[in-house]
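Each chain carries a letter (A, B, C, D, E and F) given by its place in the written order, and its residues are counted from 1.
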Amino acid sequence: MEAQKKPFRRILLTGAAGGLGKQLRERIGAWADVVRLSDRANLGEARAGEEVVHCDLADRDGMLALLEGVDAVLHFGGISVEDRWDPILQANIIGLKNLYEAAHKAGVKRIVFASSNHAIGFHPTTVHLDADSPTRPDGYYGLSKVFGEQMSRYYWDRFGIETVCIRIGSVMEVPKTHRILRTYMHPDDLVELLRCSLVTPRVGHTIVYGMSDNDANWWDNSKAGHLGFRPKHSSREHEHLFPFAGYPADDDEPSKYQGGPFVIQGPMYE
Amino acid sequence: MEAQKKPFRRILLTGAAGGLGKQLRERIGAWADVVRLSDRANLGEARAGEEVVHCDLADRDGMLALLEGVDAVLHFGGISVEDRWDPILQANIIGLKNLYEAAHKAGVKRIVFASSNHAIGFHPTTVHLDADSPTRPDGYYGLSKVFGEQMSRYYWDRFGIETVCIRIGSVMEVPKTHRILRTYMHPDDLVELLRCSLVTPRVGHTIVYGMSDNDANWWDNSKAGHLGFRPKHSSREHEHLFPFAGYPADDDEPSKYQGGPFVIQGPMYE
Amino acid sequence: MEAQKKPFRRILLTGAAGGLGKQLRERIGAWADVVRLSDRANLGEARAGEEVVHCDLADRDGMLALLEGVDAVLHFGGISVEDRWDPILQANIIGLKNLYEAAHKAGVKRIVFASSNHAIGFHPTTVHLDADSPTRPDGYYGLSKVFGEQMSRYYWDRFGIETVCIRIGSVMEVPKTHRILRTYMHPDDLVELLRCSLVTPRVGHTIVYGMSDNDANWWDNSKAGHLGFRPKHSSREHEHLFPFAGYPADDDEPSKYQGGPFVIQGPMYE
Amino acid sequence: MEAQKKPFRRILLTGAAGGLGKQLRERIGAWADVVRLSDRANLGEARAGEEVVHCDLADRDGMLALLEGVDAVLHFGGISVEDRWDPILQANIIGLKNLYEAAHKAGVKRIVFASSNHAIGFHPTTVHLDADSPTRPDGYYGLSKVFGEQMSRYYWDRFGIETVCIRIGSVMEVPKTHRILRTYMHPDDLVELLRCSLVTPRVGHTIVYGMSDNDANWWDNSKAGHLGFRPKHSSREHEHLFPFAGYPADDDEPSKYQGGPFVIQGPMYE
Amino acid sequence: MEAQKKPFRRILLTGAAGGLGKQLRERIGAWADVVRLSDRANLGEARAGEEVVHCDLADRDGMLALLEGVDAVLHFGGISVEDRWDPILQANIIGLKNLYEAAHKAGVKRIVFASSNHAIGFHPTTVHLDADSPTRPDGYYGLSKVFGEQMSRYYWDRFGIETVCIRIGSVMEVPKTHRILRTYMHPDDLVELLRCSLVTPRVGHTIVYGMSDNDANWWDNSKAGHLGFRPKHSSREHEHLFPFAGYPADDDEPSKYQGGPFVIQGPMYE
Amino acid sequence: MEAQKKPFRRILLTGAAGGLGKQLRERIGAWADVVRLSDRANLGEARAGEEVVHCDLADRDGMLALLEGVDAVLHFGGISVEDRWDPILQANIIGLKNLYEAAHKAGVKRIVFASSNHAIGFHPTTVHLDADSPTRPDGYYGLSKVFGEQMSRYYWDRFGIETVCIRIGSVMEVPKTHRILRTYMHPDDLVELLRCSLVTPRVGHTIVYGMSDNDANWWDNSKAGHLGFRPKHSSREHEHLFPFAGYPADDDEPSKYQGGPFVIQGPMYE
């Protein structure tokens, strides 16, 4: 009996040495004959079905080479926390420009972009958002994610390169804070959302919030219904960890906004 | 012990010899003392609790007679696929006018109208719709369904005849194509939605999408919450049938629009 | 010195023997080298720059011939008041189908369609509408206008034939009733709106209300801002004609709805 | 082993001798070291962990004393049905003013206000509402609830006192009428919603509908997603009690509006 | 030659001794054969075409008598500034209840209610509102105006008594502060809006902002288009009076909110 | 007689050597005791009331010095057309970051940011936008303007620095193309909008389209009503320059989108 054909010949996972990248590396092998992994950090040896490429997002020529022969991209590379301007500029702004230029030149037609809830982090915790709500970044990091969403919007309007922008909440097995009860995304749910983002026949330019089926939530994903994403996990099973952590709230800024602690970390001027 | 009273004395099912009509004939007997069945095709013998009437929708006098003594109508008659203008004109336009005229004259107060997703079929597959989204018919057939929805709107505004317009997706046990994962409606769910449409005390002029609880979906039924319809089935149990049928999509028109293949079938000029 | 080039070679005015048609015939000569006029009624002799074609909208072959060689259409033909079903069916439903089929076959790329406020006539007089408000036809006539708007929507989505649907209010020099203070459109403003509808480079499928700059009004045209239509007239100069005609309103249906007397004229069953 | 710390030192339950008040008294002991109970009716003896205060809402000085030392309030006091003007004025209008004045002076920072579906009872049964839909009170009682919602809005804007306004449907174990299938709230779900309203870190001024997970429903709670309320019960298990109670509806006012029988009870002029 | 018939037999102006009342008394004589004037303050002698009635709004029996024989009401009575609770309760809450009860019993079918911008005064000065924006009262006074708007909503839904609620800005000849450039309403424009509110055939329950055609503005009146109100004046001719009164704003509350100084005046607890 | 006090002590105009900058330099002297002018190009001699500073936006230290002692900024510096990535990165991305960092450190509280219609240039010419419509940049340039709008949003949310983002259309005396009839902004109207943006007491984070009162238009400024901007000019007086330039449109991309020729200029990869 023949092995079943995989949906892609080659997909690229950037940021494969990062926190999420490492987890994803273990779980996406079934989606492509070859998974190309890239990072500027050490990725170790390529395993069966893998290609390993050392590349910095800010390296334009390197990026042009990296995208060659790729069918689809899972872009998890770049800075993933609030930081000083320069690293964010290099990886998340110049890097995004390099990614889309290279994708265009290499003929890549779909990208899944790891955006972040910090693109909307300055919305208060008492409002409900959907994909069309105005962005309100909560720092240089969030600002760079809005930039990436708009870069991808442009490449869709201009060249028909499709992108799913996932505004990822907090990916972990067990929520670490009371706030994360709302932003929680179980790793399985992230993998499922990536799968949906890759195999849905048409996605155009879709914005979706990356979260599990949490009881308490700030975000409405109905406009991404075409992706068919149904999370299987929920933070409700972990609510007992923060029994009275709620009211009365500390009178500090982080507890007022969806972005939580990020809203006071920036801007890091030096 | 007494038999329980049925909710209606007589309901009419048009199109009873059609694909859906035949299935419904088997399942709606409990709703009325008498189920009147009509079609222009052969309906066979009337069984217990049935009346069989041979009638063409375009036959005005026949329709006047058909509606006499009826409490409520399930209108499944007419052309149900893209077709040339003339048959659609006769059955779905003139027929609709005849139906509402006859219902008015006979004092019928509620109609459940089998509309179609083809009333909105030219919306792209990446947008989410609800009952108030603008219609975008994908052919003469879809256009005739918009006409029917508006005819029923008029009879509600003018005479208080209530209609539930069901924009039916794809009714079948097992989805036949990848697109149908989104439009899928299990026959049980259709029967349940018809029941809800008949027994809800007031429906005014309600538009509802006829679909099961599919993970991937384009339509939001919250504005029809008063109907109390909760589908029990989902296409998710059939997703394995189309494992990699999605991306990369063929670059053809049908895969771009919710109406699928219908969008290129018409207009059939002759 | 050379005569200035006219914007079109040949435009077609249907319904040229009708009330509005006659007025327009006098005023549109500057827009095309040839104005083709059609009606099923007598149009008299063709004048300089005119072609006269006798044609019934329900005559499919006649319509195919009529549209040959035409650059753009002003469609004012058909029934323009509430009427029995059959004449509306022939002229406004079958006629519309014939018009778009013929336009498609002849390569016509733009149509200005005389729709009507009766497409939304069952909205109460206390609500404000725009181009996306749900239609609520107030009779067979209004229903046929919704049908025409949807037919044109389909030809735009399917073949890129552009249409401006003008929901005309009440075109006259002096308002005849209190209601018309709200629906009033001075003939000059109609001519200007037709001009805008013809010369705007792209119109896609645009819906616009045909009214002057009346103080009292029910309709918002901002979504048609690309047309650049600014009415020069207003019913305010005629308000003195109906000094106390307002409150207390008669407790009849016509005064409750935007469609006025139309809302009780139909349906004319025979 | 130490007993776990309770989230509040002292909470106040007003209306503790009323129908809902009695049920709540049995179930909220775990939320505070001390539950202060008040009513103008007899509350019996204080039990362990309780304080009993006899107080009329219209008694301003009494209210000032009642709120002293309170961390949070569950306000279930006042008239809870349609009634004559004077009792509603005293308890629900003057009483509300007294409550918020006293809360302000005592430094109370959160109130859960038992509002009612009768604040929106004059909406037809065929429309779907959310927290921002315009209010349409169905009597003096509903009007007093809108007043309370606005009083609490003011204290949030002016002094940052948070309120969750719960537009309670029909709290009971088993629905008593067909209408209640839509408004049903199981007592457990009410307790859970109160808990969510108390322990969510920030609520600002939140409006939420108090209902179980009923299949048939008129209300959308997505804008209160930050509360994390997920009902566990549903009226669907009781639908068999009203098998054909629906169509055809009696042609009376109560069956046309969400407020049901309340819409014809008022105004009680004497 | 006969004198022209006036539109009303008898209209009632409450609050006729107040600031606006006195101005209106001079200007509304042409609208009715008899203008009944009421106030609890001295109104002086009745002139030709006038009736003078001394009446306190809180006096229920007096109000019942006052409304007898009245065709329409201009309700300008009650407290018109922020004040202590008791006077507002008596005049603006109990008084409103008395007014509508009396109107109902006397068969009055239309009321023009002087509401206030203070019903929405806690909206920031950087947002734009229309008739459906949520109310945010800025004190007891604003709260009483919301109450009146909702009382009138109820009488429209319950008995079909029509009301136009005018959220009056600042009526004066010359703006006194920089804020009033936005809220300015010339007295002529108020008179014109009252006229429109009285003579429009149907108004249902209409909310309209009372302002002139000011360049700087916070409010959108398009939903009241059926009234036909077009202001003739504008604060722009007075802008030179406050040349640099704007930026930098004082960092105080009144300059942040549309309600201006009212937002810090209340609540007046004693 | 004393000279009247000017509203600001010192305002900064960046880009003062550019096309618009030169015009503005001539016209803003009345707004401040000192107008500081900056550019990386030659600005000539400082005149009375001027300070001239040579500064590149990408020079962080230079920017810190430039903002010292400034009350408000008119930011017209940077690249103002589609260009290669690097100059846009330096001036419009890094430059914007430097501007806001410097403004923050210098205590500047208000900035007027010259954004551009190219932030929304990929919207079709048949849609109408307002300040909350999603952005759709039409190139690197438009993308940098979205970045600037979001940077300013962040500094408002984080530090309360106010910004008015003006999405400028086409500033010139006489429209040069048919498209510019829609985007036209007379220089006087730009100056007036800048004045409004500076002197309005509170602006928070306001987005406004910079256009004259053109008959044909794509943009709705009602959400910026608090600015009090009323343009005095209109492209209508120039429409005769492009008599038949409209229909039939060339079938090219630039005529399909609001951004016009920009939509095909980028991305300039080298």
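Convention: a residue touches a chain if its C-beta (ideal position, glycine included) is under 8 Å from a C-beta of that chain, and two chains touch if they have at least 3 such contacts.
On a predicted model such as this, the values are computed, not experimentally measured, just so you know.
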Required steps from chain C to chain F (each step between touching chains, minimum): 1
Chain pair equivalent in interface to C-F, over half of contacts matched, among A-F, D-E or A-D: A-D
Rounded Å distance between chain D and chain F, as computed from the means of their C-alpha atoms: 51
Approximate Å spacing (C-alpha centroids) for the pair chain E, chain F: 41
Inter-centroid spacing, chain C versus chain B (mean Cα positions, whole Å): 33
Junction residues of chain E, two or more chains touched: none
Complete list of chain pairs which touch one another: A-B, A-D, A-F, B-C, B-D, C-E, C-F, D-E, E-F
Complex contacts: residues of chain C adjacent to chain B: 85, 89, 93-94, 97, 101, 104-105, 122, 132, 134-140, 142-143, 146-147, 150-151, 153-154, 157-158, 263, 266-267, 269
Chain A residues touching chain B - in the complex, by the definition given at the top: 4-7, 71-72, 109-110, 196, 198-204, 206, 222-223, 225-230
Footprint of chain D on chain A - complex, ascending: 124-128, 178, 181-182, 214-220, 236, 239, 243-249, 255-256
